[in-house]
Every structure is written in structure tokens, then in C-alpha cells.
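Labels A, B, C and D are assigned to the chains in the order they are written; within every chain, residues are numbered from 1.
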Amino acid sequence: MTGTVLEGIIAYPVTPFSAADGRVDTGRLAALVDRLVRAGCHAVAPLGSTGESAYLDDEEWYEAAEASVGAVAGRVPAVVGIADLTTRSAVRRARFAERAGADVVMVLPLSYWKLDEREVGRHFTAVADAVGIPVMIYNNPATSGIDLSPELMVSLVERVANITMVKESSGDVQRMHRLAQLSEGRLPFYNGSNPLALEAFAAGAAGWCTAAPCLIPELTLELYRAVRAGDLPAARAAFYRQLPVLQFILKGGLPTTVKAGLALDGFPAGDPRHPLLPLDAGRTGELAELLAAAR
Amino acid sequence: MTGTVLEGIIAYPVTPFSAADGRVDTGRLAALVDRLVRAGCHAVAPLGSTGESAYLDDEEWYEAAEASVGAVAGRVPAVVGIADLTTRSAVRRARFAERAGADVVMVLPLSYWKLDEREVGRHFTAVADAVGIPVMIYNNPATSGIDLSPELMVSLVERVANITMVKESSGDVQRMHRLAQLSEGRLPFYNGSNPLALEAFAAGAAGWCTAAPCLIPELTLELYRAVRAGDLPAARAAFYRQLPVLQFILKGGLPTTVKAGLALDGFPAGDPRHPLLPLDAGRTGELAELLAAAR
Amino acid sequence: MTGTVLEGIIAYPVTPFSAADGRVDTGRLAALVDRLVRAGCHAVAPLGSTGESAYLDDEEWYEAAEASVGAVAGRVPAVVGIADLTTRSAVRRARFAERAGADVVMVLPLSYWKLDEREVGRHFTAVADAVGIPVMIYNNPATSGIDLSPELMVSLVERVANITMVKESSGDVQRMHRLAQLSEGRLPFYNGSNPLALEAFAAGAAGWCTAAPCLIPELTLELYRAVRAGDLPAARAAFYRQLPVLQFILKGGLPTTVKAGLALDGFPAGDPRHPLLPLDAGRTGELAELLAAAR
Amino acid sequence: MTGTVLEGIIAYPVTPFSAADGRVDTGRLAALVDRLVRAGCHAVAPLGSTGESAYLDDEEWYEAAEASVGAVAGRVPAVVGIADLTTRSAVRRARFAERAGADVVMVLPLSYWKLDEREVGRHFTAVADAVGIPVMIYNNPATSGIDLSPELMVSLVERVANITMVKESSGDVQRMHRLAQLSEGRLPFYNGSNPLALEAFAAGAAGWCTAAPCLIPELTLELYRAVRAGDLPAARAAFYRQLPVLQFILKGGLPTTVKAGLALDGFPAGDPRHPLLPLDAGRTGELAELLAAAR
């Protein structure tokens, strides 16, 4: 295993689109990334699921990658997300991310036709071989349509030098147990399921990959600090305080709800891309109340 | 409801890729389309799931659409498949297909973030509004990650003039019953699940959308003729004879297995696109035996 | 394989309970069985899922078995259902059924703790060894909590002389295909999922195990006759005519809805046993309308 | 809410059967209960899923209830499990348990025909009304075939005075979050999924319902003490140490594996009841190794 290893709160910005022409608003993206760094997040991960990575064409994706890595400016690690149906496109984007200065690429294989383990393995190997920076395996069956077993992920980490981390977003804490057991505690794993934040840390997660810092950075950091201090009652209190917000943004779709929340905070980031629609007025009101109650 | 209504065997060609550079082999594609028409298929549907539509970039997709519609040459209806994550790309491709001479566009909404009914409805409406030809709704939760209810599909057919047909690939015959009930038998529905071919016809499907004619056109047509003749025992016999082939190509992934079968038949169509891998030797041997037994 | 092989409409009576004391009303049960035989059903199957077999204590079960087999009086085959958590109780009831004159016992293994194939196999073998009459394997994962694979069922049929038939109630027609393929068409299989009646016959089912004859015997027989005549359009018409009733009784629970329907027909059979509650007034009205429309 | 509220390690004994005649070995059962109390467990719960409650006939169940409550002898709370298909039987057993001195009855509604919320509610209400002691709602969809929503369970607790606790065995920590949110932290909930022990305590569970103390009492108590001390690293260490045993006993079925483990420890408790079969030699060897490694 080589290079950057992440720890703590890994913050996922949305990708703002311009209201005028629907293009990526790189200025706004850079400003949001800067907010996340200044709030104290331990890493920033543009172009994740929250960043609508899969919905961008190549040019847009390149612009967004460049702008966000530039805005991080080396203050914390920059993790760039890649979610593609074809291996050639994933390789192309990973190379671009590395050249743009990314510290890590996070790779989610998308499935249309089901992939067997040989096909998944080859996809990850092709991307990892194309870059010199560490690769984080990203398992998120609900969005990608493919569920990577802990066994497969650990075997990839063992076989490929720069595949060094796993992000688990299945929401199943038993997968994390299994990752810990199979790697004898040596594989750093990250939780990508917001309402599992407390328990994933209890189970030994090295970090929490989350869009919540766009809206409630202080609360996410408070949970992490309590966990690191080994103070379970304080961690539980911090978790239950922010849980309604975490449940709401997960259920409503992260780009949709986080963009609505940013607009509420006076930081408009445009709408999510069609077919996604903006949060309607009723639910935006709900979100405003949940945010007020949590803060 | 307007325009073309399909009936019978709707044949789905693979999209051949050149072994040299991986690009779409339009000559080969045209030859395959021609074979399907000459075999007696009642319609041809390029760029479906079998045609790896979702894996092609815009230029490739345009080339393939043009070449295949041109090869159909008006002899039977040409149905062009569109499977995109974003509405703008689906609209762009639908417009192109219409200009290229397609009779019908078949639209599969892909899901990364879950779509609610409002979002799905808007996606279909946007595509239908962009063209003058009929739109076939395509439900295939296993590949698209989104499951369209019969209620939603029938309501779209009722609300939008040129949304006129439904292709059901969930493999659940109860969905077909529901479509028939909700539309009082007026909505033509098509079966896209190969191992359900017999029962879908029993339930009243107007046609069978299938890649099997690339390998066993005569058997698929024999099943259809027996059904139309109301001869259930003959239909059952034809079905069970080809069922092992249908099960094999579904389980192994249609582009992967159909390309292997075409190569066995001396009609090489290249490999499926990475991360999909070609069928391995052992399973190719199995397929050869199943084809020999069925023919 | 030995003894009775069933074919056609296998009718499942409810088990009437006395309004006064909640005990089995054997007179009413016998009258219902007689109605089913006189309506022309090809076999009668008391103490199935519809007959609340699993909810009866030993004494009640013995009484019901005796009364119903007696009422059949050899006019058609009598199939007695056994659904028990323990093997010893299943064996005891099977022996009783044989002594009471049953032609077949239908055996559903109930699951609390998950059973592996060895355990399921031993359960069936123990019951089959305890009787001389044929055993029908009953797969109904929705009620029993255990799903028997076609492979396991066919292997039991091959290994045990008096296990000779399979009733498939999973509602998945692909299971029936698999049974036909594994047994090379020699194993008689029966459909226990009402809304699959048409397609199961298309797939080659030897019979339809159904409670619907309690309410619409003529329609179930009409479907069967059309199928046997090879007249697919007539079969489809008969099927869609009764489908709303079939959907309703499945969704609402067979004992609950069939008892409500019998009461509507002036043949009160008591309420289902608690925790099951009688159908409420609104849904009873719906059922009355569906029955009127179908008849 | 009235009466006993449990906290800590709630230990579930198996029900030993005599090798000679298969009857309940009440002496052995009493000895096992005594071991659990003397080991320091905070409550003992005979006739749970582990105790094969659902597989016993009335006489056997009465004997087992009497013997085990007698062996507890008031040293800790005795919780008696009731898992029945019919309400009348559940009521009968609950009354018996109360007379026998149980402090709490834990009630699992079994499902054959699906129950709606009205039916489930009535079942619990009938049992609660029949006794004066507290009732613990037990949700275990994998064994019972019915999944109780947090909303339903909290509404029962609010409506019925002596329904005061919930045991969640779905293994889904989000259900626990929801119970805490709906009851504003006031409802004591218990975790019944062994491999979730650590995270359930993190989420605020009042106790852990587990058969593991039959084999590794000290480790289960160590986890609980670390949690109560707020020492997350120690809790995590204790959890991962025993996790392989917890995974093994869950996967293999608790009565089967715990009886095998007790025999390994020189405390034979007979075999589980057919159709359950004893653990085979290979897996018994595995269990011996896991136990040795954990202790």
C-alpha cells in the first residue's frame, strides 16, 4: 500500500450548475470546496455521487475536477470520484485527475450488464495501473447496480499496490466487520452511509465520507472528535442530534437535498441535472426546520 | 396513440466492434441487420441493451443508429434504443434517431440517483415532445436500476400522444396482466425477458423483443407462428426446444453470449466493450452444444 | 413413482369454524367438500393453506381430515395437506390421513430456524417412509419461510418412490420450466399461485391447486377445458375474466377472503382463526362486486 | 409502562432434550439456567428462539417454563418466550408463564398467512390483556415471517400499559435509531442480532438478548461493561474477539450450534428437534477452534 491514507471527515461537495446555461459553475464549486476546507474537514472529495459525477460529459468533468482540486490547493487531501460504465472512460478520467493534482481517485464501477468478479477486477486493475496515486474502491450498490463483496475488495487491495482503501456505502455494518476480519484490521475502510455514521466509527471505520459538511460541518466534526476521544455518550448525543438531517438528505437524494440546503443558507448552487428535479417547496420547508433544530 | 404499432418478433442486433481499434464496425452491423430482416423478423431494434447502447459515446451511437436504420431500409419497422442517465442526452439521441429514419424510439431511463414518478414522467415527456415518432417505454429494472410500475406506464401512455407501447423486461408476467387490466386490453405490450416468451404470448403480449434471432431466428418465429395459430402444444414444444439457449444467453449477458454465438456461426462481431469480457472458452463450448441441440 | 396422479382443477376448501365455540364445523366442511366434487372439480384438497392446516391442534386436524375425506367418498382423489414445524408431528398427521382414506398427502415443511437441504430432505423422507400413499412436495416460500429449489425437489422425487408430485406456489414460472427440464418432462407439477393459472398451464402444469372453486368453480373449469382443447384465445378470455377475483383472494389471504365470499353466497363458514380477522365490510363489498362481474 | 425493565446481558438457554426419549430434560435445563445466573448474566430468557419454543407442544412448553423459571429462583428477572401461530395458544402460554413466576413475557407473532397491522395489534393486545406482567415485543422477521415496523411497535407501547419493551432482531441498526426517535429515547430496546452487539449498544440499546452466554458468558459481559464505562476502544476489542463465534452460531442456527458447543464443553444438552439436525463433525470442529481462539 502506498501514499495518502485518509482519516476523519471526508467532505463531498455538490457540483453547482449555472442557472443560465446549465454548465458547471466552477467559481461556485471552488468557493464551496474552500468552505469545506476552512470548516476543518480532513479531506475533500469532489465528483462523488453527491457531485453528480456520472451525469457529466467529459469536458464538464474535466473542468470540475480541475477547479475543485485547484481550490483544495493542497491544504488537505483531494479525492476525485470516478463513476463510469466503460473502463476506457474511467481510465481517461483517472489520468486526468492525477494530472490535475488529485491525491486519491475513488472508483465506482457502474453496471448495466451484470459484471462478474473477473470483470470488476479487471476494471479496477486497469484504472489503478493507469495512475500512480492511490485508488479507493467505492461500493455503493444502490446507485451503481453492483455489489462488491468484502472478499473481492480485500483481494484487490492485496493484489494491486495502489488500491489501498475501501469506501462502503451499502449501509451494512456487517460488511465493515468482514473487511476488518479479512484484512486483520489493516485495511482502512470508510463509511459512505450517513445514517450509519456512529456505528461505523464504533466498528472501526477510519473516516466518514459525507456530503453533510456542506450543511452541518460542525456537527459532523463533533461526532468524529467524540469518537476519537473514546467518549461514546458524547458521540451518541452528537449523532442523534444530526440524524434527522442525515436521514432526510439520504432519502431525498444527496444532490437534490444538499443543493436545496445550500440555497437555504444563501449559497445557491443551482439545480441537480435532469431527470433529477429540484426539491419541492414543501420538502424544502421541512429541511429548513430540520437544519434549524440540529444547529 | 399514433403511428407504427409493432407485432411479432422484434429482433435486437448486437453492435459489432472492430478488433483493430474497438470502434463500431458499421459494415458488420448493417450485415447483421440485413440477416435479421431476411430471416423474417417483424421489426429490428438496434442499440438496445443487447446493442450496448449505454456504453457508446455520442459519435459512436450516431454512427450505429445511422448504419442500422439504413440497413433496415424500410423493409420492416426500425426501433432505436436510448438508454441515458441524463434527459438532455436522451433527447439529443432521440432527435438524431428520428432524423436517421427510425420508426420508433425505445426509451430506458437509467438511474444513478433514484427517480420519483414525477422525474421519470418528465424524462419520458421531454423525449416524446422532442420527436414526432412513437415512443416505446422500456422497463428493465435489472439493467437500469429503476422499476416502472404498470400504473405509471399506463398513465404516461394515456397522457402523451406519441407514447404508445410498453416493453416489459422485468420477467414478471403479473406486470403484463396489470398492463392489460389497466388499459382494458388496449395497450400493446412486448416481452423483453427471453425465458418468459411462451407465457408472455399466452398473457397477450403483442410481440417478443429478443436478441435470440441473431442465433436462432427460425425457432423464435416458429414459436410466434404457433401462438398466432392458437396451437398451444406446438408453441410449448417450440419454446422448450429453444429454452436452454434463451436461459444461457440471458444468464451470461446478451452482448457477451450473442457475440460468442455469432463468432461460432462464422459471423464475428468483435468483443463486448470493457469492463465486459468475451465469453470464456468453456462457456463458449457449452453454448455451441446448446445451439446444436436446439437447431 | 406410484399410485394416484392428479390432473385438472384441485379444489381447496376452507375449514369452517363454528361461530359458537370456534371449533371445527365438520358438517359444514363436509357440505363444502361435497359442493366442490359435485361442481366437477378433479380432486379435493382439505387442510391446505386455505384450510388453515397450520393453525389447528392435533384433535381438530384429525376431525377435519376425517370429515373431509369421508365427504369426498372416493368420488375423486382426496389430497390432505400437512404443514408442521416438527417432523414428528408431520409424520403423525400423515399416518392419520392415510388411515382416514386420503389418496395423497401434500407436505409443506415450515421453517422457524432455517433448514438446509439435508434437513429438508430428511423431513420429506421421514413422512414418505411413514405412509404408503403418494406424497406431493409443496413449495410455498411466502407462507412456509423456506424456498425449495427445483433441483432439490426433483432429486427427492428421484430418490423416494412415493414422492411423486410437486406443487409450486412461488408464483415463478421459471421454476416450472426448471422442473420440466430437470425431469425431462416426466414430473407432474401443479401450480398453486392463482394469478399464474393461465401461464402455468401454458408451461405444462398438470393441474391447478386453487381455493377459487369455493367461489367460482365454473370459471376455473372453463379455463382448464380451454387449455386442454389447445384453445389459447378461449383460455386467455376465461383467465382475464376471473383474474380480478384471483388477485383479490390472493392479496387478502385465502381463508379470510374465501370465507367472506362463501358468506356472501349464503354458505357461512365462520371466521378465520385469530390472529387472522374476518374481511372488513368495505373489502367484502369489493369482493361482492368482483364476483358479480366475473360470474 | 409498568414493572420490570431489563438491562445488560439477557441470556437465552437452549432447551435440552433427553437422548433417550426426546422429551425435555428439565434437570439439564435448570442446571443451564443456574450456570447463566451464576456467570453474572443480568436476566435469563428461556423458551426463546434458541430454546426452540415454537417446536414444543403445550405440555413440553409448560414443563420447560416451570423448570426454568424455578431455576432462576428470583435471582434475576426471568423472561419467557412465546412464539405461536394462533392467538389463543399465545394467550394460554402467557398465562401459564405468569403463574409460573415469569417477570416478563417476550412475544413473537408467527406468520403463516400474512398479518396486517390490525391483526398484529390485536394479537399483542390479547396477550397483554391476559397477564399482569410486562410484555416485550419481539421482532424477528427471519424466523417469524413477519416484520414489525418501529412505528407499529412504538404505537403498541404507547397504547397498552404493560407492553413496555422491544427486542429487535432484524439486524438493522436503523430500526433502533427509529425506535429511539419515535419514543424520544424513552422506550428501552434490546438487540437480538448477535453480530450487531457492539453497534446496538453504541446506538443506545438497553441490553443484548443472546444465547452466546451459554458458551462465552465472560466475553459478552466484558463487552457490556466496556460500553457502560464509555470505553469504546475496549468495547471494540471485546467485540471483535468474540465476533467469529457470534457469526458462527448465528449462521448455523442457534439451537444447533449452541447445543454442539455445550457438548464440547462437557455439558451435553441433546440434539435440536427434527427437522433440525445436530451440527456435523466438520463444523463442530470449526466451532471448537473458534471457541478456543476467543477464550
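Descriptive notes on the structure:
Criterion: a contact is a pair of C-beta atoms (placed from the backbone, for glycine too) under 8 Å apart; a residue touches a chain by one contact, two chains touch by 3 or more.
Keep in mind it's a predicted model, so treat the numbers as computed, not measured.
The chains touching chain C as well as chain D do not exist; no chain touches both.
Distance between chain B and chain C, defined via averaged C-alpha coordinates, is recorded as 38 Å.
Taking each chain's centre as the mean of its C-alpha atoms, chain B lies 52 Å from chain D. Work out the mean CA point of chain A and of chain B, and you get 35 Å between them.
Within chain A, not a single residue touches two or more of the remaining chains. The complete set of chain-chain contacts reads A-B, A-D, B-C, C-D. The touching residues of chain B, when paired with chain A in their complex, are 22, 49, 54-55, 83, 85-88, 109-115, 118-120, 122-123, 126, 142-145, 253-256, 272-277.
Across the interface of their complex, chain D is touched by residues 171, 173-174, 177, 180-181, 185, 195-196, 198-199, 202-204, 227, 230-233, 235-236, 240, 243-244 of chain A.
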